[in-house]
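Going by the order they are written in, the chains are A, B, C, D, E, F, G and H; count residues from 1 in each one.
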Amino acid sequence: MTLKVYLSGEIHTDWREEIRAGAEGLDVAFWGPVTDHDASDDCGVRILGEEPSKYWHDHKGAMVNALRTRKGIQDADIVVVRFGDKYKQWNAAFDAGYAAALGKSLIILHPPEHQHALKEVDAAALAVAEEPRQVVEILRYVLDGTLPG
Amino acid sequence: MTLKVYLSGEIHTDWREEIRAGAEGLDVAFWGPVTDHDASDDCGVRILGEEPSKYWHDHKGAMVNALRTRKGIQDADIVVVRFGDKYKQWNAAFDAGYAAALGKSLIILHPPEHQHALKEVDAAALAVAEEPRQVVEILRYVLDGTLPG
Amino acid sequence: MTLKVYLSGEIHTDWREEIRAGAEGLDVAFWGPVTDHDASDDCGVRILGEEPSKYWHDHKGAMVNALRTRKGIQDADIVVVRFGDKYKQWNAAFDAGYAAALGKSLIILHPPEHQHALKEVDAAALAVAEEPRQVVEILRYVLDGTLPG
Amino acid sequence: MTLKVYLSGEIHTDWREEIRAGAEGLDVAFWGPVTDHDASDDCGVRILGEEPSKYWHDHKGAMVNALRTRKGIQDADIVVVRFGDKYKQWNAAFDAGYAAALGKSLIILHPPEHQHALKEVDAAALAVAEEPRQVVEILRYVLDGTLPG
Amino acid sequence: MTLKVYLSGEIHTDWREEIRAGAEGLDVAFWGPVTDHDASDDCGVRILGEEPSKYWHDHKGAMVNALRTRKGIQDADIVVVRFGDKYKQWNAAFDAGYAAALGKSLIILHPPEHQHALKEVDAAALAVAEEPRQVVEILRYVLDGTLPG
Amino acid sequence: MTLKVYLSGEIHTDWREEIRAGAEGLDVAFWGPVTDHDASDDCGVRILGEEPSKYWHDHKGAMVNALRTRKGIQDADIVVVRFGDKYKQWNAAFDAGYAAALGKSLIILHPPEHQHALKEVDAAALAVAEEPRQVVEILRYVLDGTLPG
Amino acid sequence: MTLKVYLSGEIHTDWREEIRAGAEGLDVAFWGPVTDHDASDDCGVRILGEEPSKYWHDHKGAMVNALRTRKGIQDADIVVVRFGDKYKQWNAAFDAGYAAALGKSLIILHPPEHQHALKEVDAAALAVAEEPRQVVEILRYVLDGTLPG
Amino acid sequence: MTLKVYLSGEIHTDWREEIRAGAEGLDVAFWGPVTDHDASDDCGVRILGEEPSKYWHDHKGAMVNALRTRKGIQDADIVVVRFGDKYKQWNAAFDAGYAAALGKSLIILHPPEHQHALKEVDAAALAVAEEPRQVVEILRYVLDGTLPG
């Protein structure tokens, strides 16, 4: 049983690498969005042509990125959504809602100070964690039944 | 053809009333979340029993509110999601993602300064508006085919 | 917005009547299983012919009852499942699982001593209550946004 | 055609091993819940943090276990649910209902004295067996068309 | 709770009228195929133009009839399929399979001599009856919980 | 049984009126797109703001129109798609494909000279007609079982 | 692209072998029911215990066979249903209806004298053939685009 | 993550080869319709028997081709639809609508002069390109996150 795990949300810290490293040896296939901020912002116009309006510039990029994120979420067994300290992060909350409506199992990862603001998102999750390490421990338990020593 | 419209998001201005008033006479059935902030925060513990932990206090409330919001979104033809000036509003973005994955038609309503931060959410919408008046005009056009004079 | 509520589970106390009485005046349509224990056990053979084997006697009855319970659950917005003090009540837990997989909103109603044994069932619910009165309060809040005084 | 079989229910006897051993050589992939009772009860708090309340202790564990059981049931072709002699076993009946609503083929395995109490669950099954050996014989017949000698 | 019941199958006896008459006063909405044999055979070419080939003559008619039968089955809560004494009746068995795959509750109605030949169809049903009167008794029980005296 | 019929495609002749008039007295609820060509082209920018680029002008309009056409098709039992003599009419073929994938019953209406070019579209239909009168005759037959005299 | 093809229906001639032999070298995975008539009739009681009643004997067997046929049909891209010269073959028509409702592509295979009786079944198919050789030619065309010389 | 990409539409230029060549080395599995125009037109009658009527000749072919195209679209993650300079191309627009209703990600490829006529089709797409090269660049970005230099 390969677990397919999509890592959504914050792209400015190395939490994805931490989870991948911790899960080494487990039968998990990770996937996630493009995490190069500039490429992610500009992919639409770089490939499909410039737009004078910032709105359509952004729109084209969001659409091209959706080609990747929708497949990633639709194929996943588990969607992990990380909320960090900065930015609005509405795309992370959107992904969480999208995954929830598809019946995906959700793990939400955020610092404790976001608890009240994220209560509706957390309420849709099967686990709410603060540290990437906890996500690794969940994946290990789900696959092997072993708990941290 | 009664249009069923769910009005999600910001609860601190009277945008819902503005839309309801403007749409008077149209065959639209509106629905939305409980907009009494205190009741919405405390409904869980008021009905199901106090919790010493703030986290579970919030959790119980979010779950009880979900009884209303999930039915509202699932029954809707169109989901309007309003992002205002304050708060994190992750529940609004979650609702947008949830509605999108269910194949609902989305209208996003937000001030222009949120355009970049909302680009993934806007990209899932059929219309992006700035004013409640525009939502009314869309509903009128969808039902009657008439445009603002 | 009429709420369609299916009342599943225990049939030996008057909890259904308590909820119906408490919800008078609310826009709720209740439905539930046949609660006449003998009719429910014997409906299959009474209509479709006797069976010498107790197993097929029971089977025929369970199938005829399923005509009613499946429609009831499939049409519901909210499924309330009550676990009482007696009997195995596996049909109640089956209904809860069935409703959960269909994406119905679940309210579980049981005395506190069942908490550990029902933890997987409770974990699928949006609300866990001990008293029928609390179910009424939830329905009122979901429809009107008003909380108990 | 690899048959994916999920083995749900009782965790205190070695019925799963009996089925796995009997099915050796058949093209079957088995899956099931974590069967270490203590790990299963405590996984939530061990990974995600202690809870003073027994209810939330149990809840956190049930949610983490759901990450495994939901994927297991959703991926399965056939769900076998075993009811033993002890405990309430409401989670087993919940799994049966969940699997039935997803359209999975069900095999129910229980001692004859549970027949009346399980009649609604049995009525949703394609086969009702008393012994693990019979489950193996079904799997062999489904794959090879051969019957016990 | 209006029960929507589709009456499929045999069109050469008055079993549909018997059921409708018996169910008078019950909250049931019946629907079924066009039962005028000639109209049913010729509707395609009468409306859409003659065909020199008998095969396409039949095909056009079957397609036009499908406009009615598909809606009828898709909208139904319960599909009753009657097998009579004459003809191949493959369309009846097709309707039963179609309804089963949509998750509709099936009642099969046939004389006892067809039991072996219909075993796969009966196995997909919640009730197997021999007389229209039994179908009425089932509908009354499902709606009112009352059994024949 | 009210038949819900969506009338898609050509907007430059009065075929919709012909069908509505012919179907008077039948239990049919018709729906369709906005047929005012200018309003349909300009609704996006008239409501949501001007666009310097023709492409985004068109895009905004197409999105607002989709609010109406998607609900219309999703709610329909039968989708009639008319191909006329002029224009590319790719939106008509798109609607046909969209309706087919949703499992809607399709009636295609076109002059005989389009037969070869429409063969894939016709192949997804339950009826292919040349005249609006034939659509009326089909609707009457589906509802009443009566054929043209 | 491996084509998954389920071969349903008649079990008394060697049409399945003819198709398998003809399709050698093509990327097709075939599946079908158990074709040993006696095993198929008796599998239920042989594994799960004798039944004094012929009806329940048949029922138990039909249910065990359904474990194989439902998976076979649900996993298939294309379902071929063969109607032969003998028997009622209602299970074949049931399989065709079941596959049609799941959106599977259907090929119906029958001698010309069954055309009128099978018109509703044929109307749900993408191809109607008389000879197994034609099914092979279709599979080759679908995979390679080559037609018989 | 292998991307499954279906290439629909125009069959008279070598755009499919251009995309395949450009995507060499990427983890993409391409599929598409039979592109031999004569084989595609005649496959039905060549395999299943001649038809005197051109309409049924075409119909039989369209149905056999649907066996390939439906599987191709249903299995795809991304459906690319190319509109060229010639012919009505209603099958291309039909495929686009079919894919959109299944929730597939759409890329539309057409020369700029078709923008107004394709506005409803483009509005359902995540990307609208003019050159096959841009499709390759999108696929590379979706898989690797790299943009054209």
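A few notes on this one:
The rule is simple: a residue touches a chain if its C-beta (ideal position, glycine included) is under 8 Å from a C-beta of that chain, and two chains touch if they have at least 3 such contacts.
What you are looking at is a predicted structure, and each value in this text was computed from that prediction instead of being measured.
In terms of the stated touch criterion, the partners common to chain C and chain G are D, E, listed by label.
On residue numbers, the E-F interface is repeated by A-D, which shares over half of its contact pairs, out of the options E-G, A-D or C-D. Centre-to-centre separation of chain C and chain E, using mean CA positions: 31 Å.
Centre to centre, using the average C-alpha position, chain F and chain G are separated by 37 Å. Averaging C-alpha coordinates per chain places the centre of chain C 49 Å away from that of chain H. Touching two or more other chains at once are residues 63, 66 of chain F. Every residue of chain D that touches chain A in the complex is listed here, in rising order: 29, 31, 34-36, 39, 42-44, 46-48, 60, 63-64, 66-68, 70-72, 75. Considering their complex, residues 1, 3, 77-78, 105, 107, 125-129, 134, 137-138, 141-142, 145-148 of chain B touch chain F.
The part of chain B that touches chain A in the complex is made up of residues 54-55, 58-59, 61-63, 65-66, 83, 87-102, 114-124.
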